[in-house]
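Have a look at the structure that comes next, please.
Should a chain be cited, it is by its letter among A, B, C and D, assigned in written order, with residues numbered from 1 in that chain.
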Amino acid sequence: MPKAAVDGEIIAQHELAKDVWRMEVEAREIAREAEPGQFVQLQIPGGAFTLRRPVGIAEVSLQKGTVAFIYRVVGKGTKALSQLTAGTVINVLGPLGHGFSLKAKRPLLVGGGMGLSPLLFYAEHAQGKADVLMGGRNVRELFWQDIYKPHVQKVFCTTDDGSYGTQGFTTTLLPELLQQEDYDLIIACGPEIMMKGIAKIAHEYNVPCQVSLEKRMGCGLGACLSCSIDTTSGERKKVCKDGPVFWAEEVFDLA
Amino acid sequence: MSRAINMLDKRLHTNLAGIYMNTPVLTASGTFGFGEEFAEFVDLSRLGGVMVKGTTLKPRRGNEGVRITETPMGMLNCIGLENPGVDVFLQETLPRIANYNMNVIVNISGSTVEEYGILAEMLDVPGVAAIELNVSCPNVKEGGIVFGTDPKAAAAVVQEAKAHTKKPVILKLSPNVTDIVTMAKAVEDAGADIISLINTLLGMEINIHTQKPTLGNVTGGLSGPCVKPVALRMVYQVAKAVSVPLIGMGGISCAEDAIEFLLAGASAVAVGTANFSDPAVTMKICDGINDYLARRHLESVQDIIGAAL
Amino acid sequence: MSRAINMLDKRLHTNLAGIYMNTPVLTASGTFGFGEEFAEFVDLSRLGGVMVKGTTLKPRRGNEGVRITETPMGMLNCIGLENPGVDVFLQETLPRIANYNMNVIVNISGSTVEEYGILAEMLDVPGVAAIELNVSCPNVKEGGIVFGTDPKAAAAVVQEAKAHTKKPVILKLSPNVTDIVTMAKAVEDAGADIISLINTLLGMEINIHTQKPTLGNVTGGLSGPCVKPVALRMVYQVAKAVSVPLIGMGGISCAEDAIEFLLAGASAVAVGTANFSDPAVTMKICDGINDYLARRHLESVQDIIGAAL
Amino acid sequence: MPKAAVDGEIIAQHELAKDVWRMEVEAREIAREAEPGQFVQLQIPGGAFTLRRPVGIAEVSLQKGTVAFIYRVVGKGTKALSQLTAGTVINVLGPLGHGFSLKAKRPLLVGGGMGLSPLLFYAEHAQGKADVLMGGRNVRELFWQDIYKPHVQKVFCTTDDGSYGTQGFTTTLLPELLQQEDYDLIIACGPEIMMKGIAKIAHEYNVPCQVSLEKRMGCGLGACLSCSIDTTSGERKKVCKDGPVFWAEEVFDLA
């Protein structure tokens, strides 16, 4: 897959919810090649940061030649990203890694927190074939609903505090959904503990499942081994190159 | 394309201990994989060489937990020499990267003096341009740190490697020493063909939320622009004291940085951490050195090596 | 105002080897003059202490040529211990700064072991809270670098100073050594009441236009955020090995940095280079440590010292 | 003199001539206290720079509460300064050091290159009492003329290449001017070699002369001794605190 390091202009940047931002960047080469589940490494302009920051590709517009990212401000780097204004040029390295399987006819997307960002690209790509199950601590974290609605058939929600949807986690609601619908793929992105829970249930119900992992990254190109993980087969893999998307049984012991 | 580049880079051609290099710009071990990962961004044959990932006799899993973290103008790593071992390197990797037409310099680490000899001998094969002895990786408990800080031990490693290979032997110095010059002289006397420096400075970070060290290995190696002043000072001191060629590295991220190292007496430079922020940075550095020479009407990079000494 | 501050800083009160400090935030020698230069920006009495400019027996002119230069997230300096000498300090400076109600810690450098004793004795006067022995300044040729890298010499300096003063004696370690722990143990055994660390790392820069070293003294001392990972690692290693209190420094520029050093085992911290970019930074650091403790419902800074060990 | 570190908004920023920029910042406390010849230390926003950058105060508006700087892009720091746009907040530390004597009734200002920047503040302050003698390599470097004209009686120019005014240096023209006019103070700012030349001539003609020195600076407050100089009396002085303005005979051996 051809990768590029593109100097792209920021077309739009705004805050979607407290500390969650959406940035859209003109980067035609990347927009053309990107597949759902892939990510980019953003170079923070200004010269104060040594490492790039990995973010999933949340939306792509082939026509405009843009890619959009949705990210949470958690530290210095994402803070600096959020302070960039439209018109600023940012270097985007990507698309990186491997995306989700695109063969599914009826996929269920399961996301928690910022994991919902790369799943959005998948939802758009699936053109109404997918459902989404989203979990958050409270209703405020489920601002994603409105973003997903145009792209999916159904939106299912869980909140830890019961302030909206089913009280509990995405794993609370998943068995019910798997009984009701004939999903042929589950793709999960969110906290590792959530993905592992989802993968176990998918395994029980015999639905193929992919998960997307996060690791600190240096190069993003498979060269530095910052992001190495163990796989169940004993082979070492690199999240940036062999992932970030893996079949659940590759990375989780589901027995 | 390669022909055009050769014309362009005429001023940059160089030769270190018999290794012909199109440019004096190499990539530092552990930061550039086996070169192939950067093939979309870099004309690998234009590099002076690719110092490939640290290789050991047996496969190594490396360290658990968080392996890198960003620091002010730098980063800490504790990869811990993860690698599939020399056998896989020879059987799978080397044949695969053979057609890139680049100088492959194999960075090796041993737990004992003998292991360096075994590795050097195994790697004395076509397709390997030189061996770089890593005696300074601060992450490995079984010996690495000792070879790198004791002149006698470092000299022993060089002798052992030289006795087992006809390839040029590069010794890579650790900066975590009181007296870099004594180290350099010892390894020169022991027969090192080239000295490369510096490896990473030992550092650490604490996560104030968890109140625990950030890195899985507690400490890690500091690299990136932040270490450049220390690296440059060491290159300058060593260049004054030894006569073997030096490959200078530590924080180089632009042509100006590379030129500083050349002026300080390095015959070539290697770029590490900067590849992460710009995968094509080495090409820009080649161009920039070329421009610097052209602006001064100099025919060859040799004309500036050691000019500040 | 001083009363209000005392209430605010209740959690930050501390005591190092008998020196009562309102906060564990000091300023590093050579970066904060005699305190008075910052009086418009800082409540000096709120600081744990001001480590005043390096003082020598005779006046010193310091180094010629360029004395500072900026580096990636840091700076190099080769001031070369310019100071008017201990007599002027005692007769003019000390009386002048007496009314700031701050802990005055005098940083001293000698060319011989005896000089440290003479200076320590001369400074055993009211108004001086402690003596800090600088054995690590890398800029002075006549001995400084030797005391700082040889455990026996450093120990001798401590013993000599201790024999000539009743004030607490702080020994300041140089980071330019292979083994910081051996140095720390030697000076603890010799009777140092407190260890401060780190002094600057030896570095250099070359001006690629003139092709000469930028600094008048060729090399200089590296400080600022870039050195923080190395400084923190050394504090952590030393804290594991000795039981005297430590004053940690090297690259601290915000409360989070200071907290890292406290977690690593420093009983107090000192701020140097960061005073140049924000003259009021020490006050912000005090506030930030206080907030960190308050958010965690901790009563005293003692509760976090060494928590990451 | 009270100093402050003020977070001020950039009100205006534009390029006056190739690589020479004018930046105006709202910093009321500094505008109120500043005297001609004093300087500030600018903190470059973004966190990539450790040291501040010293620049002279070129203009002050009491009413607007602004200070303006005119600076040449010579390296990384001034490059970064020139890229800041109006609306950005910049931290200004000042006013620092001591300014020129304000007692003169008929001062002559002699400036070369960026030395003309702090002299401008003096010219404005002198309200038409001063003349200015400016030197440059060529006519393009004398864009200062138009800036000075509203504030001075006469503008004299020299160029190295003779492309405008008298061919030569400011020192070429100075003797003539001192013969023609009864100046009671010469204040000079520019390259050290120029200032020394001016000071020698002033000494010959028995006109008091002040010069403004430049040294690399750390603190700007007299604490770090980065900027120490020898004075003719043998005493060491600090450019940031005891200067940047000195009587010529304090710093140059004029015998």
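Quick note on the criterion: a residue touches a chain if its C-beta (ideal position, glycine included) is under 8 Å from a C-beta of that chain, and two chains touch if they have at least 3 such contacts.
Note that the structure is a prediction, hence the values are computed from the model and not measured.
Asker: Using mean C-alpha positions as chain centres, tell me how far chain A is from chain D in Å, no decimals.
Answerer: 55
Asker: Round to the nearest whole Å and give the separation of the Cα centres of chain B and chain C.
Answerer: Chain B and chain C have C-alpha centres separated by 35 Å.
Asker: Round to the nearest whole Å and give the separation of the Cα centres of chain A and chain C.
Answerer: About 47 Å separates the centre of chain A from that of chain C.
Asker: Going by the touch rule set out above, which residues of chain A reach two or more other chains?
Answerer: 48
Asker: Which residue numbers or ranges of chain B touch two or more of the other chains?
Answerer: 71, 73-74, 224-225
Asker: What is the shape of the graph in which nodes denote protein chains and edges denote touching chain pairs (line, ring, star, complete, other)?
Answerer: ring
Asker: Go ahead and list every pair of chains that touch.
Answerer: A-B, A-D, B-C, C-D
Asker: Which residues of chain C touch chain D in the complex?
Answerer: Counting only chain C, the residues touching chain D are 30-34, 37-38, 40-41, 53, 61-62, 66-71, 73-75, 77, 79, 82, 224-225, 273, 275-280.
Asker: How about chain D: which of its residues touch chain A in the complex?
Answerer: 46-48
Asker: Residues of chain B touching chain C in their complex?
Answerer: For chain B paired with chain C, touching residues are 71-74, 76, 149, 176-179, 201-206, 208, 211-213, 218-219, 222, 224-230, 232-233, 236, 251, 256, 259-260, 263-264, 292, 304, 307-308.
Asker: Write out the stretch or stretches of chain A touching chain B in their complex.
Answerer: Chain A reaches chain B through residues 2-5, 43, 48-52, 77, 91, 93, 216-228, 230, 236, 241.
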